[in-house]
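Note that the chains are named A, B and C in the order they appear, and that numbering of residues resets to 1 at the start of each chain.
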């Protein structure tokens, strides 16, 4: 194959498998040649996901506590988080850019808002499931409301809260890709660059990494839950 | 060197800060380990190949001058230019008439008479005052230019004996155009093709400027006409051919550094660095650099570094 | 917001080959068809697995992994890969790739809820039916199915709303649907257009949710008895809300 004289720099072995002229789906040379770029995208993906879930958690806890305390606002809080949920991420990111400029916070804040509905509901459900007699005993032992929450209610609600956290985290991993609209999509940036340039190896690699990342997060959270709530082991 | 490094470092700090305490804007507090003694600078721009290469060239040059550089490349000028005015982005490798049309529309409305022409000098004189009004300074344009080019398949061209856009207008067929999202409202795109060449554009498919889906749409016959840059070296291999802009609707799209004026006032040395680049960069250089990235899939930063070394600019 | 409503009320925004009208029709078609296909493909299998009481791990894992696969990635893989981006009739450009992605996305809530619904039926009731000499088929149709129906319907409702909102992603591969209004508005700095798209998608999502909820109550045969005895209703063990893109 003759190539344009103006500067192709192939070695004697011909073009690499990721060259536009070859364009293989599976291409180990792509992974090794672009490893820093892939690692950076992966790291960005991880950090955006963690920041979004952490922010979502920090926002959801007080909302859940308020909703539990004042039943009048409970349905309003749950309804509001559900409505946020129906706004497509594409639009949410586009709208947030006006407030946050082009920064990773656009994606982090948007994704954090999406986690609220799952986290708030599960926190409420978890806290509600704490048996009344357990709470009464704790109060009888002289626990104040703060200590009751931290030492009795939250630990007992933990399995349900962690289940919500797992769902929120795994879906946030998937949703982070859409952040590519504002140039902060982690692996999503590799995907959208891939479709712009018909770059098959890059598309497949980014997709696989994205799913792997979600599975790893899910397993880590499941492990954490087992460590934190040893009493749930062996139940069922 | 790496595009994402500073962001990743900053975000890591941010996550720590956000979990430890809620305070400030952690992105401002990144302590990058790279050479940043002159402060940090964000390069904006569009994210097609040529823009990526130019951003990488700017990044390489500014880093060798001691700046700490981040890139933010997005889809269209409408997204990054307001950030350049506000100073969130400080430097953009841009196109002369592209900026000119944008600023003209912003200042004088969508129906304003174009202020750019196919002369780079005249265009710069016309555009600079508008740019300065919004806090942006244009540095010296390069000789290199990349205008909008419109292509058809080689088969379509030979069947209908087309070599110019006028030929296509004379053909009188309804045309579907695969182009950038901002094409429908632009004089150098759908509007000019219709009014100057009499091409009846039935639909604009918003598939992007010279991107894979754009080429695909034309190759598959979904669109007859597609948009790319005149420095695109990949057309021939794809069985596509450019139609000549024989009536010259494409204004001077010389590569021109656009810099936030306030920031330039604080960092005057940047002007010399970028002017030196503009003096060296030719259209042929651009086409060769594009081909390396589009076809061989070399990384824009590697291509940029090799070019600058070859030119003795770093 | 005012400008967004002005955009929504402007007839010109709705007309034309890529206007809101056509995008809305495309997205409704995509949502309905992909939900129907996903239901036909998965519901019988999930119900059967629930009936024979096997494959629980599979059902739950499909749900977990399904959630982890970004629709965007599937869409990109399909449209660059074997399926391509050809116009598919009224579904528009990249219609086939979008449909397949949405079908895959709809599967997890349908499968999980149907399986859990049937599995969750009190074994004593099933045993009693068996003791009365009911055939397996009748046990399923007369006992398990009516008792599982509320959860099955919840699964379908979740899938419906999720698929609707997620369909906007197709715009990232220049595919069909209302996402185009959002991405084009974003690219051209037309905040009114972005907001209008967001409002339209969210409002239709809420309408769909409401309609599905009403249908659920209408169809549910156990509604009356449960209302009489609402505290005995067991809480579903699957999350009642699923992520939406």
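The rule is short, and it goes like this: a residue touches a chain if its C-beta (ideal position, glycine included) is under 8 Å from a C-beta of that chain, and two chains touch if they have at least 3 such contacts.
Note that this is a predicted model, so its numbers are computed, not measured.
In terms of which chains touch, the assembly is arranged so that all chains touch all other chains. The chain pair with the larger count of C-beta pairs in contact, out of B-C and A-C, is A-C. Compared with chain A, the chain whose C-alpha mean position is the greatest distance off is B. Our note on geometry: chain A versus chain B, Cα centroid distance of 33 Å, whole angstroms. Our note on geometry: chain B versus chain C, Cα centroid distance of 40 Å, whole angstroms.
Chain A and chain C have CA centres that are 21 Å apart. Counting partners per residue, chain A has 97, 195, 198 as the residues that reach two or more other chains. Counting partner chains per residue, chain C has residues 80, 173, 183, 186 touching two or more of them.
Multi-chain contact residues of chain B, defined as those touching 2 or more other chains: 79, 208, 212-213, 216.
Put simply, chain C touches chain A in their complex at residues 64-65, 67-74, 76-77, 79-81, 161, 165-166, 168-169, 171-173, 179, 182-183, 185-186, 191, 194-195, 197-198, 201-202, 205-206, 209, 235, 239-245. The residues of chain C lying in touch with chain B in their complex are 17-18, 80, 85-87, 93, 173-174, 180, 183-184, 186-189. Those residues of chain A that touch chain C in the shared complex are 25, 82-83, 85-92, 94-95, 97-98, 114, 117-118, 121-122, 125, 163-164, 167-168, 170-175, 177-178, 180-181, 188, 191-192, 194-195, 198, 200, 203-204, 206-207, 210-211, 214-215, 218. Within the complex formed with chain C, the chain B residues making contact are 75-76, 78-79, 82, 181-182, 185, 203, 205-208, 212-213, 216-217, 220, 222. Those residues of chain A that touch chain B in the complex are listed here as 4, 6-10, 15-16, 18-21, 34, 36-37, 40-41, 43-44, 47-48, 50-51, 54-55, 97, 101-105, 182-183, 193, 195-199.
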